[in-house]
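Per-chain residue numbering starts at 1, and chain names A, B, C, D, E and F are given in the order in which the chains are listed.
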Amino acid sequence: MERVKTGISGLDEMLNGGIPCGRHVALYGGPGSGKTSICFEFLYQGAKMGENGLYITLEETSDDILENMKSTFPLLSEAGQMIEDKKLEIVKPDKLDLEDVATLLEDRITSNGIKRAVIDSATMIRLSFKSEIEYRQTLFEFLSLLRNLDVTTITTVEATSSRKEDMRYDIEHFVMDGIINLYNLDREDRRVRALEIFKMRGTDHSRDLVPFKVTPSGIKVYVGEKVF
Amino acid sequence: MERVKTGISGLDEMLNGGIPCGRHVALYGGPGSGKTSICFEFLYQGAKMGENGLYITLEETSDDILENMKSTFPLLSEAGQMIEDKKLEIVKPDKLDLEDVATLLEDRITSNGIKRAVIDSATMIRLSFKSEIEYRQTLFEFLSLLRNLDVTTITTVEATSSRKEDMRYDIEHFVMDGIINLYNLDREDRRVRALEIFKMRGTDHSRDLVPFKVTPSGIKVYVGEKVF
Amino acid sequence: MERVKTGISGLDEMLNGGIPCGRHVALYGGPGSGKTSICFEFLYQGAKMGENGLYITLEETSDDILENMKSTFPLLSEAGQMIEDKKLEIVKPDKLDLEDVATLLEDRITSNGIKRAVIDSATMIRLSFKSEIEYRQTLFEFLSLLRNLDVTTITTVEATSSRKEDMRYDIEHFVMDGIINLYNLDREDRRVRALEIFKMRGTDHSRDLVPFKVTPSGIKVYVGEKVF
Amino acid sequence: MERVKTGISGLDEMLNGGIPCGRHVALYGGPGSGKTSICFEFLYQGAKMGENGLYITLEETSDDILENMKSTFPLLSEAGQMIEDKKLEIVKPDKLDLEDVATLLEDRITSNGIKRAVIDSATMIRLSFKSEIEYRQTLFEFLSLLRNLDVTTITTVEATSSRKEDMRYDIEHFVMDGIINLYNLDREDRRVRALEIFKMRGTDHSRDLVPFKVTPSGIKVYVGEKVF
Amino acid sequence: MERVKTGISGLDEMLNGGIPCGRHVALYGGPGSGKTSICFEFLYQGAKMGENGLYITLEETSDDILENMKSTFPLLSEAGQMIEDKKLEIVKPDKLDLEDVATLLEDRITSNGIKRAVIDSATMIRLSFKSEIEYRQTLFEFLSLLRNLDVTTITTVEATSSRKEDMRYDIEHFVMDGIINLYNLDREDRRVRALEIFKMRGTDHSRDLVPFKVTPSGIKVYVGEKVF
Amino acid sequence: MERVKTGISGLDEMLNGGIPCGRHVALYGGPGSGKTSICFEFLYQGAKMGENGLYITLEETSDDILENMKSTFPLLSEAGQMIEDKKLEIVKPDKLDLEDVATLLEDRITSNGIKRAVIDSATMIRLSFKSEIEYRQTLFEFLSLLRNLDVTTITTVEATSSRKEDMRYDIEHFVMDGIINLYNLDREDRRVRALEIFKMRGTDHSRDLVPFKVTPSGIKVYVGEKVF
C-alpha cells in the first residue's frame, strides 16, 4: 500500500507509516487545539518531500493563515519560498460551496500537480445547509469526486467541547475515511494537548491517546508518553 | 434450531452456535467501531462455508467497500475470487429506499441463492423519514417481508457516542430480532474495542462485554477476557 | 382480596401473593429486557391454572411471538396445545387503535372467558398520538373500560435506557395501577437482568431490586439475592 | 396561629403543629410515591377530628380512589362510614377546569362545611394549558379565590423523576404556599420512601429528609431517622 | 462611598458595609429559599433607620405578603405600625409592566421619599416577553431610568434548581449591578440555607458561601461558618 | 514580533511579553468574573505607556463604566485625568451594529491615534442576529476590517456558566485570534477567580490555570500559584 507521510514527528509512526494514499481524513478539534498547525505542517513537509500542496481556507484569508503559521513555526523557514515556488498554495474560494472547492482542487491538480490538500473547515460548509441529510449527501458526493483525483486530503472539523466525555459522532465522523481527534484536555491546573487516531480506513493504527506540542520547528507527537 | 455460523472467531461461541436462522440482527456502533469489518467477514466466512452472501451498501460504493476490506483483511485472500464467482456480491442500490432493498434481496435470493445479507446502514434509510412512526412501520414491514425469504441479515446502525453510559434505545433496538453493540471504549490513555450481544430473540447468549480486535486474518473476539 | 397468581417463580412472593384481581400493570423495560417472556409466562401459567389468556400484539405477528417463545422456553412444552385449545390466544389487531383493542378484549372475554390479557406495547399506541394529553386521556378511558371487564392485564412499555439513573416517569407510570420495572444493568463487564415492583395500587409489595433470569423452563426471580 | 393538624404520625411534628390554616400546599412526587395515600389520610384524620373533607379527583373515579384507599389502609376502618355521612366526600368534576373546581369547592364549603380539601392533580390541569404564563396566572387566581374561602388544601403535582438531583422547580413550587416533596429513593438494591417539607409560608418547619412508610393503619413518618 | 445598610445581621459585613447607594441588586433563589424574607427585612431595617421603603409585588397581594411576613418574623413587631405610617409600603401594580413599575417608583419617591425598593419578581415580568433581547433591553432601560432616581433596589429572580452545579447565568445576572445567590443546599439528610454575594459592582465583598437562617427576629447570616 | 503589553501584573508573563500587535482577543467569562476590570486596566496601562485607548460599551453608559471602575480601582488614580486628556475614551454607540463600531474605531484611530480598544460585549451584538452563520460572517468581516487598522482589541463574551466542565466553544472562540477564559470557580465554601489563556494565535503562551484578584491598585495574576 502506498502511504502519504505526514512528516509530522511521531504521527507517521502512529499511522504505521502515513495516511493511506488517496484517503480523506477529518481533523476534529476545538479552538486552539492545533488544527491549522497540523494541516500546515502536513503540506510543508509534503512540499519538502517534493509533493505540492494546496491549503483551501474557507474563513480566514490566505495572508492570515501564512502570517500565523510563520509566527507559530519560525523554524519552518522555507515556507515563504515554497509559497513563491507554488509548492505550497493557500487559496480562499469566493463562495462557501463544495462544488467550487472541488473545481479548485481539480484545477490545481491538473495545473500544479497537487498531491496533498487541506480543507479548512467543513464546519463553514455545513453552516450553510439546512438539513442534515442534504449536507451528508453533498459531502459524500464531494468525497466521491475526490476519489477520482489523485490527492490525499485533511479536512478540519470544529468540535464544540474539549472534553472527551462530551464527544458525539457527527456526519463527518461517519463519512470520512479517517478521523484524528485533537484534545485540549483540562488537567485541573493546566491544559494539555493530546491526539488520537480514532478511525483510519485501510490501515491498522495506534489506538493510544498521545500528548503533543506545537514547537517553533514543528509539531512533536510524543508517542509512548501518557497523558493520564 | 438451525443456526447461521458467523465464522467469526469467538462470536459464535457467544451466540451459542451462531445467529438463529432467518433472524435479523442490528449491529450498533460508532465510526471506526468495526461495523463494516464484522459484516464483511460474516459474508466472507459464509461464502467459504458455501453460503452465498450479499452486501447492500447505501452510502459507499461497492468498490470502496471491497478496497477497504482488502486492506483491512489482507489475509482473507479469497475475497476477490468470491466476488468474481458471485459467492459474495456487493451492491449499491440507486435509491435510499427499503422497497428497492427488498426487491434487490429477493432477486438475488432467487437468482443466486443468497443465504446471508448485510444492509449498511439503517441510519441512511432513516435520515429520509420525517416521522418516527413512519420509519418504524416501514422498517417493520420490511422485516416482515424478509421473514418470508430464507435469509439471515445483519443491518448496521450508527451510534452517536462510544460511551456505554450514553446509549439510548432507538427504533432499531426494539424492532430487530437481535442487537450486537460495538464499543470503542475510552480507557483514559487508549481506545479498546469491545462488543456485547445485547439481545437475541430465540436463543440464549453470552451477556458479557468482550474485547475484540480487527486483525489481518479476521476479527478476533476474546471470549473470557475482561475489558475493565 | 382476590389475587391473580403470575405463576412466575419468585414474583408472586414479591407481590404478596400476586397481582390484585382486575388491576392493570405496566411492564417497563428496554429491548431484550425480558418483557415478552414475562408476559408470555404470565399467560402460560394462567392457562395451566385454568385461566384463559389473550396476548394482543401490536407490532410482531402472532406467529413470531409464538415461535420466539417456543425457542425461549423449550420446557414450557404445553404452549402449542394451549394455543390449539384456545386457552392461550395470540392476536394481532388490524389497526393501532385502543378502541379496537378494547372491543377485541371484550369479545374474547365473552366468547372465551379470558381472565388475563397482555397488551404489547403501549408505546406502539402512543406513537400515533400527537399530543400528550390526548394520549393520556385515551389511555385512561381505555383503562376505565377495562375496569368494567373481569380481567387482569399487563401492558408493556418501552424504556429508552437501561440505566436506573436515566429513568423518567411517563404517562403510563401515572395512569396504570402498577409498574414493574425491568433493568438490563450494566455491571462493567456484563449485563445483569433485574426487576423491581415500583408501584402496585391496592397491595403492599417488595421494594427490593431483584435479579432474574430467563431459563428454558421459565423466568426465575431470585428473591433475596442482591444485584449490587 | 391556627393550624390544621394533618393527623399523620410524625408529619405534624415536622410542621411545628400542622399546616397553617387556610394555606395551600403542593404535594410533589412520582408515581407510587404515596401522594394519594397522604392526601386521603389528611382528610380521614380531619373527619375523625370533626372537620369535613373533600377529595377532588381529576383523573381516577371516586370509586377507584375509595377502593384503592380501602385496600391500602384496611385499618382506617371508618372510611366507608365517613363517606356515607358525607364527612369525607370524593368527587370527580366533569371537566378539567379550575373554575369548575373552585365552584365545586365553594359549594361544598357552603353546603357541607368542608374545612380540608385535596386536588389530585395539578398536573392534569396543567396539561390543558398551552403557555406557561397562562397556567401560572390561572393557578394564581384560583389560589386567590381559595384564600377567600375558609379551607386548607393539598394539591398533588406529578414529578418526572424520583432522584433528588433531578428536581427542578416548577410553577407550582413558586405559587403555592407550601411544598412537601415525596421521594422514592434509589438505594441501590431497594427503594426507600422519604419526604421533606421544602417550603411552608408562615411557619418554621423541619428541614430534614425523613423516611416514611405506608402501613395498613396509616402513614408513619419516622422523624429523627436518617435515610442516608 | 455611600452605602445602604441592609441591617441584616452579617450581610452588611459581607458587603463591606452595605449595598453601594443607588445600586440595583438581583436576589436569585428557588422557592422557599428566603427571597421574600430578605427583601422584607431589608425594607423593615431601612424604615427603622428612617429610610422609607416600597415593596412592589407582582404576583402575591400586599395583604398576603404582610401576613406571611408577620408570621415569619413575629419579633419584627413594628411592621404593622410602619405600614400605617407609610414608612413601609407594599403595593401590587395592576399590570405586569416595567413602565408601570417605574412610574410607581417615581411617584412614591416624590411623594413619600422612598429610599429603598423591592421588586418581586423579575421572573413575572420576563414571562410576558417573547424574545430574550427585548426583555434584556427593556430591563436595561428600566435600570437606566432607576439610575436617575435616588433609590437602591433589590429584585428577586426565581431559580429553577437549588443545586450550585445547575446554576446558569441569565439575563439578570449580566444586567444588574449585583447578584446575591440564595441556596437551599441538599446535604443528604437535610436542607441547609446558604448565600453568597456573587457580584457587586463598585465594592469589594466576601466571596464565601455562608449559611443563614430565618429566625423570628430576622435573618441571621453566619459569617465565618462553613457549609461544607 | 511586536507585542502590546497589557500592563496587568502577571498576565504579560503568561503571554510571553504581551498580546501580539494587531490581534483581536476574546475575554470570556460570567457575570462578576472581572471582564470589565481587565478591559479597563488594559486601556489604563496603555494610556500610562503612551498608547491611547478606546472603550466601546454596548450596554452600560460611559458614565456607569467610569464610575464603576473608579470605585473598583481607587488607586488607579489617573483615570479621570486620562479621560479628560482623551488618552482613554469611553464611548457608547447609538446602535447595536458592528458597522457602527467599526466606523467609530476607524474615526478614533485617525483622529486620536487609538492603539488599543475594548468592545464590551460581543454577546450584545449577537443577540440581534437570527442565524448563527450570519453572525459568524458579520463578526468575521468586522475582524477583517480591523486587521487593516493598526489596533489591538479585547472583546468581552458572556459565559453562561462558571464551571469549567460546562464550557462549550462558540462562534467567538473559533473566529477570534485569542481567547482568555475567566472563571469564578466554585471551591465548595468560596468562589475563587482564575484565568487561562486558552488560545493565542501567533505566540506561545502559558497553558496554566492561574488565580487572580481584583485589587484597588489593579488586577493581580498569581503566576505559579495553583487553584486546585
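Please note the rule applied: a residue touches a chain if its C-beta (ideal position, glycine included) is under 8 Å from a C-beta of that chain, and two chains touch if they have at least 3 such contacts.
Here the structure is a predicted model, which is why all the values come from computation and not from measurement.
Minimum number of contact steps separating chain C from chain F: 3. Two copies of one sequence, chain E and chain F, touch each other mainly through non-matching residues, since under half of the numbers at the interface are common to both.
Between the two copies, chain A and chain F, the C-alpha superposition involves a rotation of 60 degrees in steps of 5.
If each chain is reduced to the centroid of its CA atoms, chain B and chain E end up 62 Å from each other.
Chain F has its Cα centroid 54 Å from the Cα centroid of chain D.
Rounded to a whole number, the gap between the C-alpha centres of chain A and chain B is 31 angstrom.
Listed for chain F are no residues, as none touches two or more other chains. Contacts between chains close into a ring here, every chain touching precisely two others. Residues 1, 20, 132-133, 136, 140, 144, 147, 164-165, 167-170, 173-175, 179, 196, 198-204, 207-209, 226-228 of chain F are the ones touching chain A in the complex. For chain B in complex with chain A, the residues that touch the partner chain are 30-32, 59, 61, 64, 67-68, 71-72, 123, 127-128, 158-163, 184, 186, 188-192, 214.
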